[in-house]
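What follows is subunit A paired twice: with subunit B in the first complex and subunit C in the second.
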Partner chain A sequence: MDLEPITLDDIECLAVGAWILGTGGGGSPYLGLLNMRRLYAEGHEVRLMSPFDLADDDRVAVVSNMGAPLVGQERLADSRNIARAVEIQEDYLGRKFRAVMSLEIGGGNGIQPLMAAAHLGLPVVDADTMGRAYPEAQMTSVAVGGLMPYPCALYDPRGIEAVVTKVPDWKWMERASRKICVEMGSIASTCKAPRTGAEVKAWAIHFTVSKAIRIGRRVREAQRRHADPIAAILDEAQGRQLFRGKVVDVARRTTEGFLRGRATIEGLDEDRGSRLEIAFQNEWVVAWKADGGDMAPIAMSPDLICVLDTVTGHAAGTETIRYGMRVTVVALPAPPVFLTPKGLDHVGPRAFGYDLDFKSVFEP
Partner chain B sequence: MDLEPITLDDIECLAVGAWILGTGGGGSPYLGLLNMRRLYAEGHEVRLMSPFDLADDDRVAVVSNMGAPLVGQERLADSRNIARAVEIQEDYLGRKFRAVMSLEIGGGNGIQPLMAAAHLGLPVVDADTMGRAYPEAQMTSVAVGGLMPYPCALYDPRGIEAVVTKVPDWKWMERASRKICVEMGSIASTCKAPRTGAEVKAWAIHFTVSKAIRIGRRVREAQRRHADPIAAILDEAQGRQLFRGKVVDVARRTTEGFLRGRATIEGLDEDRGSRLEIAFQNEWVVAWKADGGDMAPIAMSPDLICVLDTVTGHAAGTETIRYGMRVTVVALPAPPVFLTPKGLDHVGPRAFGYDLDFKSVFEP
Partner chain C sequence: MRRIGIDVGGTNTDAVLLDAGSVVHAVKTPTTPDVTGGILTALDLLGRHPQVARGAIDGVVIGTTHFVNAVVQRRGLAPVAALRIGLPTGASLPPFCDWPTDLAALARGAVFMLEGGHDYDGRPIMPFDEPRMREAARQIRGLGLKSVAISSVFSPLDPSHEERAREILLEECPEAAVTLSYQLGRIGLLERENAALLNAALADLARVTIAGFRAAIEASPIAAPLFLTQNDGTVMSAETAMALPVMSFASGATNSMRGAAFLSGLQDAMVVDVGGTSTDVGQLRRGFPREANSVVEIGGVRTLFRMPDLLSIGLGGGSIVTGAPLRVGPASVGYRLTEEALVFGGRTLTATDAAVAAGLVQIGDTAKAAAVSRATAQAVLDAAREKLEDAIDRVKTQAGAVTLIAVGGGAFLVPDRLQGVSEVVRVMHGDCANAVGAAIAQVSGETDQVYSEMTREAAIAAATAQAVERAVAAGAERSSLETVDVEDMPLAYLPGNALRVRVRVAGAMRGRAG
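Up next, the complex of A and B:
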């Protein structure tokens, strides 16, 4: 079996790439990156494992930081928290995990499994269950696959620990775990329903850790060579540019354990005279454009809507975007599992309350 | 060891007595009583066990229906729910219980352990942790005793199950479990932190099941002999009459998993011309009286404030009291554990947000 060491340079790239794939959510990877720099300085090294090297009955810990991204700017990341969530799950199951995997590769949650892995001496599986970031528990490939939604372990560093041991479906897991998360202060370290190796091979979205690293590496190379990092992202991730402009308004509220709101961007360069509005629930969900007249939707989940700093190519999160930023909005293709009718039930625009038929940016 | 069978007649008496000790809360025992009649008709019989017959390292399941009493009028009692909460706790602990005990002897929660016991074939311990009913997790003798507050198992019959596996203190157990309870619809079947036999002997409030049965028996006897049931209660429980009148107003709201509000009673007979107001949070907490002028507090937690139907002696619950009822308000003495400074911290008037020094009705 091939366990590839992840270098600290890989993690620097991962922090950039995961933030882009986060589509505004998953939380800024910066504090996770600081934790990993410290862990590597202490001698830790994390290894990456192909999902296809898992035995069918291995158990994989699926981890994420759950909650409202804005809160993560006040409650700083500590790598031990996510490791503790995994331990609670192991205690509950009475069984050890073979590896750790990200619930969502997007944002800081692309780094959370590395923090757990460093403390627990486990490899990280090169896969996740979203191929991006999404706000709710049922918005995963494993939920679309109808896999078991429980148990879910939640940890708060003040010493509050809970396990949702059974639910009738994924939406109930979302409801029950969200309320605990809100009471923990709208942020919780979680170890979701464990997955078998067979389930990871059948239903996870594969090779997204290395994909995020590749995207981040292209951005950093472009920065070094004073080339256009946006063009590098579009090339690496086969994306399409939607809009370029200046952020002129952000409305943001932390509510029910989510960060919700809307950002408005005024066009510059080729988009001068136009306006783009993007609604978010932790992540960017739907973008509407107006050229003088009415707003019309031009991009929506499950297509990835990424708001990028026009100069650096770094992602802007829904919690970090602010007035005056020069941004370029791009779309990246969705994982195919979300383009099926069942996938669209879970993550299409109606799943977020927008009465729109999904139309992909990438449809001919 | 002496395991005394509880007869169905005992349970009929328990339903009356527990409702009185509930001080308005714990939920109406009526639906629990119907469940027990059916279980006894099916051949079940529950046995009562002295707390002092427990071995020190026995484990006792402490059960209650948690939530807002008013909701219990819509979501009917099913004896299997509380048994399932005990099973979840056993699964989590990896250990079987020796017996079942009530968290609170008051109201329907005085009958919950009998329902669990019937399904699980376990005896019921003749004790509880409140000697009455109280709304919050930290308002127990075992919390005053500083015993471990976790784990707590919660069950909802739609198939939602959760375990709060660790908390730093009892108030956090209240906060975390309450939010789960609210998401379950403001009612949950719960199996609280398990207690050892040694802990039950040291910190439980003893012989409260048989006390409730005795009080209920005296009421039923008085009713049969057309004697005064209120006088029988005062005699049996060493109580004191506070007020007699007619309910003229009830303000009630179900909020944050509790039933909160205030009832106003206009004096009749010897109290004509006076007015009594009682504030409640699931249970009656503070009573103020006015004789024309300002309201002055005349009774408060931890003294038991019981609102009784003047004719039948049956208790009126905070969810069942209504305009026009003829009631007699009595006080019964508090369990001594709550009269200590630490006890008053947990259940004195300030614990409910009333800035009053505790003064007992029974102080000379």
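Up next, the complex of A and C:
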């Protein structure tokens, strides 16, 4: 079996790539990166495992840091917390995990499995369940696959440990675990419902860790050579540029515990004279373009809509994007599991309240 | 209101007297290595002007890059005891964890991490560990550390643990210079703590330097209280500056933009400040520089300082011209302009020589510029124009032509017609815009907090009231205060429609009678 060592340089690239795949959400991976720099300085090393090297009855821990990115800026990510969440789950199951996997590759959660893996001496599976970031528990490939939503372990470093042992469906898991998370200070290290090797092979979104590393590496190389990092991202991820311009308005509001709103971008260069509006629910969901009066949707979930700093190629988050930023909006192809009728039920435009038929940017 | 504004730059120290809203007199003198000497000379030159000698001065306001340069150049820094309150959270990322190694080696005296801090909703994470705090204070005394930085989780929302820690510390170490992180800032523990650590490392230098500023004023014929300008174009008292030297980090660039706004009477315009080596381009919004929206690194340390969003390009009066293909800058003769430029009898073709040859300005021996052909002079000016046009376009935030204010000693390089610019405004005393900016600096107050179970309007009103009180406490005239910035952001995942509100108000400094 091949276990590929992940170098610290790979992790520096992962931090850049995961932030891009976060499609505006997921929080900055910076604090996770700092933890990894420290762990590597202490001699830890993490290895990457192909999902197809798992035995069917192996158990895989699915981890994520749950909560508000703002709280994460004060209660700093500590690699031991996510490792402890995995141990709680092992104790509850009475069984050891074979490997650790990310719930979502996008944003800070793209680094969480590496932190857990470094402490536990386990490999990281080169896969996740979103291929990006999404706001809700049922917006995963394993939920589309109808897999079991429980048990879920939650940990707070004050010594608060919880397991949601049973719920009827994924939406109930979202509600029950969210309540616990809020009591813990709106931040919790979580180990989600465990997956078997067979489930990972059938339903996870494969090779997303190495994809994020490759995207990040291309951005960093382009910066070093003073080349265009956006072009490098489009080439690496087979994406398409949608729009280039300047942010002229950002309207945000909180509804049902999420950050919702709309960003308006005025065109520059070849897009001068037109306007792009992008709606978000933590992540970018639907983009409309107006050339004169009429607005027409040009990109929507599950296609990845990424808003990037035009100069650096780094991602702009929905919490941090601001008036005056110069951005380039690109679309990257969605994981195929979300393009099925059931997938679109979970993450298509109607799942976010937009009465639109999904049309991919990448359809001929 | 009669105020003297001083800008202590890398090359020159400029000073101006502002009386009843206009510049009475301006002087320029070389900056001295001790900084103080240059200020004394400038005050002396200014004091000889009859209108300066006549009547009282309400304040001397100094803008300086001295402290930021100390960090960048790694000099004059004191070892710091870092004290963080927030365990059991954040233990894997202790203070100094993301600092460049060389700077950390100079500044890290000792690190202590204690239980305490708060959650976003005001509940303590853990009770503050006072016995351990006293033990840490005794160790700090034992180690002989004099500068201490204290940070606590969510202290911008509840500073009580930081304040209690200072009380205990001062009981054990009465002489210590203490920086509390909440005084510097915003949500973002690591960046706020970094600012506190940098500030504590500058404590000695600030004490000595500002005492030097005071001594210079006392030795001069001018009797007036001393103020320093801070990053957002407002002033702080000498006492505050001594306690919070990091707040002056970006004051040089800010002052030139504020000075440009004042001298031109324009509130919303683009400003181009052409110096000897570099040109800064920035955008004024309601008379203040627009701020950068990303994390700002100072000497390699990540912080959340409020810095003007500036684009710096390598173009200035001293820019060296090289041929085939013709290039102007980024290399510059810098402060050696008066030796190396052709018009000063030197042998280096500079942008200044081309401007003299084209008849745009009279500097040095204009006859010596005859060596520059008309075609070459034009090519140099064209190249400078292209660089400026590109920089202006990159800084623009709206389509359409903008009004451009050209200031700085090299402003003659800015042509009257530029692509994307509707009008180029030139102002009297534009070469001392930064000293003018210091003279007109306002007093501000700011708040940045999370509110829940409140309407948006009520939250903004509560934040504004707090910002106003902070501004008044800092010396502002209450009736003059205006809101200059409001930003509100609903917080995803938090209950109770939590809203983060940041408000900044600014206004005129109270007169001495007030």
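Everything below uses one rule, namely that the second predicted complex is superposed on the first by the 352 of 364 C-alpha atoms of A that agree within 3 Å, B and C clash if a C-alpha of one lies under 4 Å from a C-alpha of the other, contacts with A are read in each partner's own complex, and residues count from 1 in each chain.
In this section, a contact is a pair of C-beta atoms (placed from the backbone, for glycine too) under 8 Å apart; a residue touches a chain by one contact, two chains touch by 3 or more.
Quick caveat, the model's predicted, so the values are computed rather than measured.
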**OP:** Would you sort A:167 into first (subunit B), second (subunit C), both or neither based on which partner it touches?
**Re:** first
Original post:
Touching A:176 in the superposition: subunit B (first), subunit C (second), both, neither?
Top reply: first
Original post:
Which partner reaches more residues of subunit A, subunit B or subunit C?
Top reply: C
Original post:
A:186 contacts which: subunit B (first), subunit C (second), both, neither?
Top reply: second
**OP:** Identify the partner contact of A:70: answer first if only subunit B is touched, second if only subunit C is, both if each is, neither if none is.
**Re:** second
**OP:** Please indicate which partner A:158 is in contact with in the superposed arrangement: first for subunit B, second for subunit C, both, or neither.
**Re:** both
Original post:
In the superposed arrangement, which partner chain does A:35 touch: subunit B (first), subunit C (second), both, or neither?
Top reply: second
Original post:
Touching A:319 in the superposition: subunit B (first), subunit C (second), both, neither?
Top reply: second
**OP:** Tell me which partner A:246 touches in the superposition: subunit B (first), subunit C (second), both or neither.
**Re:** second
Original post:
After lining up the shared chain so the two structures overlap, which partner does A:88 touch, if you call subunit B first and subunit C second: first, second, both or neither?
Top reply: first
Subject >> Intersection of the subunit A residues that touch subunit B with those that touch subunit C >> reply: 158-159, 182
**OP:** Write out the stretch or stretches of subunit C touching subunit A in their complex.
**Re:** 86, 88-93, 97-98, 117, 119-121, 123, 125-126, 153-154, 187-190, 290, 293, 309, 394, 396-399, 450, 489-495, 497-500
Original post:
Inside the complex, what are the residues of subunit B that reach subunit A?
Top reply: 88, 91-92, 94, 150, 153, 158-168, 172, 175-176, 179-180, 182-184
**OP:** Enumerate the contact residues on subunit A facing subunit C in the complex.
**Re:** 31, 34-35, 38, 67-71, 73-80, 135, 157-159, 178, 181-182, 185-186, 246, 248, 252-254, 257-259, 266, 268, 272, 282, 319-320, 322-326
